[in-house]
Amino acid sequence: MTFPDVAPCGRRTALKAIAGGVATLSLFEASMLLPAYAADAKDWPADAFKQKSEADALKLLYGKSAEPSDKVDLDAPEIAENGAVVPIAVTSTLPNVTGIALLVLENPYTLAAAYKIPQGTQPAVASRLKMAKTTKVVAVIESDGKLFTASKDVKVTVGGCGG
Amino acid sequence: MLRKLLLLGVLAFGAAHPARAADTVDPKAEFTAFRAYFTSRFPKVALDDFVNGPYSMDEGLRKQWKEIEEFPPYEFAVDKGKELFAKPFANGKTYADCFPDKGIGIRQNYPYFDPKSGQVITLELALNQCREANGEKPLDYQKDDMAALTAYMAFTSRGKRFDIKIPDDPRALAAYRKGEEYFYTRRGQLNFSCASCHVQSAGNHIRTEVLAPALGIMAAMPIYRSEWGSMGTTSRRLTSCNSQVRAVPLPPQDELYRDVEYFLTYMGNGLPVSGPGARP
Amino acid sequence: MRCALPISLMVFVAAAGLTMSALAAPADDFKAAYAAAERASKQAAALKTQWTTTVATLKAAQAAATAGKYDEAIALAKQAQALAEASIAQAEDQATAWKAGVIR
Amino acid sequence: MASTIRVRAVAGAETTEVQSLIQHPMDSGFVKDANGQLIPPHHIEVVQFEHDGKTVFTALWGPAVSKDPYLKFSFKGAKKGDELKVSWVDNKGASDSLIAKIQ
């Protein structure tokens, strides 16, 4: 099930897309169809960000489960310099990427960030995340409607001396 | 716990010297020895790279640092510092009127010894002296505006070589010596000196962090530490180091802090300004 | 068990001692212990060698006293004094010992 | 008040690389302040990048994104001099936006 092309974003194509069975799409995916002119809080999948497990977060976010793939490249440090600012970068050679998500499994809420990748945008993103403790970090790529993951372990401890 | 402390208390009571042995103070000779210590101990580290502290010592940390430096969080502090630096005081004057070259590209000359006051003047002290001379209240030495101002002034001096002067004036030599003494004196319940970490253990890990070598350690000031989540000045770094070894810090810009900054920055002469710096 | 006797003797004396001091108001004992600790702490501060743990223990001693827990308060005051004295010893030792570490 | 958004967008042959840094505390709600009180969650939820009236990137952030959050991505179809609109909204309804020129 590939996403209806949002651009050019004429009323007719948008309406046809919505008529085309929005019921099967989760709220998150449906909201991708509507053009938004500024960041809109309604786009934010609050429930997905409250989940404690990877599977639950992905179920709410994409409505499906994921499988590992070597076509997803996750760059994360082996030992985090500081758990408050951990540089993370993910890229993929998979086709038609429409979404990327980053999960930090040992954080109180596993989903750290999700990104919508419209047509014409490269399947790669870099960011800086917070990690509560030593954890597995999972990158999820949504390609042709299916989810593929790569993961890395990041050691996180308190920095510095005494106190 | 008490027993350990009593043991510490029974340290050999060094007989107080009736009169301090008049040891001569030779900054130049000590400069050469100081530099030789670090360059021979870390032969693979390029001299100029010492200003990057832990990142000249550990590949994994360096990679993360490089990524953060692409668009570092201290950008906001530099922009705010630039804005504050240009904002006139109530009397219409600005910081530019207090500093040589209008305050641009001069960080490499601080701290300097001021013969008139007989004091070591650090950049932070000079900024507050400028404010007070123009009828403004002094700033908190450790964070916020002072950190933003010194970040901007360091940014405008990036790459310039440190050029700290110790004039042939007994008061200047005394300040250098007191700074050196502070640097090597063990303090706090953990009984560490600056040298315990930044000389003997330079390059070693302490939890996730790597101890920066003392050579060039002042070059990146002020620093934005991920730990603080904000910009901090040399004063903030020195006082927090004291607390970490459980020594009660002196007031920021206390004479001893300014002397140790004078001593340490002098030891980094010739190295490039790398502030403001991002640190763990 | 020859050595047992002296120990039991000591225990007896200590118990007598305790009953004796129980008569003197514990608050006065605390004041004396706290004053001694404070004197040592002030001296440490003057030598710029004060430890953060001395300050914290003094505060804890004061808090325990205000809460009426005098035994604990006295113990904490004594510990604060020990910390202060250890920091003074450290400063006196370091007044000369620092030179050993200088890179020459 | 200076904008909370810093953007560097550079048009390459194929794609335009965009880096952004936004000034925001990104409080997670799990951190205590000096006197032991929990600092309530206060973080950006949605960041939107638009070029030529079309959304080219949307970020959905939770409390685990670092303070003064950074983002890098790239997209096709823009050239030097074009405008790139950036906007964000946080969980308290605060927001900011900026129109940057692609270099």
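Note that the chains are named A, B, C and D in the order they appear, and that numbering of residues resets to 1 at the start of each chain.
Note that in this section a residue touches a chain if its C-beta (ideal position, glycine included) is under 8 Å from a C-beta of that chain, and two chains touch if they have at least 3 such contacts.
This is a predicted model, so every value here is computed, not measured.
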| item | value |
| --- | --- |
| Chains linked by the largest number of contacting C-beta pairs | A-D |
| Whole-Å gap between the CA centroids of chain C and chain D | 56 |
| Whole-Å separation of chain centres (CA-atom averages), chain B against chain D | 34 |
| Distance between the centres, which are taken as Cα means, of chain C and chain A, whole angstrom | 58 |
| Inter-chain centre distance, chain A versus chain B - centres from mean C-alpha coordinates, in Å | 42 |
| Per-residue overlap in chain B, given as positions that touch at least 2 other chains | 68, 73, 229, 243, 246 |
| Multi-chain contact sites of chain D, meaning residues that touch two or more partners | 67, 70, 72 |
| Set of chain C residues in contact with two or more other chains | none |
| Chains that touch, pairwise | A-B, A-D, B-C, B-D |
| Residues on chain C engaged by chain B in the complex (per definition of touch) | 45, 48-53, 55, 79, 82-83, 85-87, 89-90, 92-99, 101-104 |
| Chain A residues touching chain D - in the complex, by the definition given at the top | 6-7, 9, 35-41, 43-45, 49, 84-86, 89, 104, 107-109, 111-118, 120-122, 124-132 |
| List of chain B residues in touch with chain C within their complex | 1-2, 5-6, 8-14, 16-17, 23, 30, 33-34, 37, 180-181, 184-189, 191, 193, 195, 199-200, 243, 246-248, 250, 256 |
| Partner chain D, residues of chain B touching it in the complex | 68, 70-71, 73, 75-76, 79-80, 83, 229 |
| List of chain D residues in touch with chain B within their complex | 2, 6, 8, 19-21, 23, 67-68, 70, 72 |
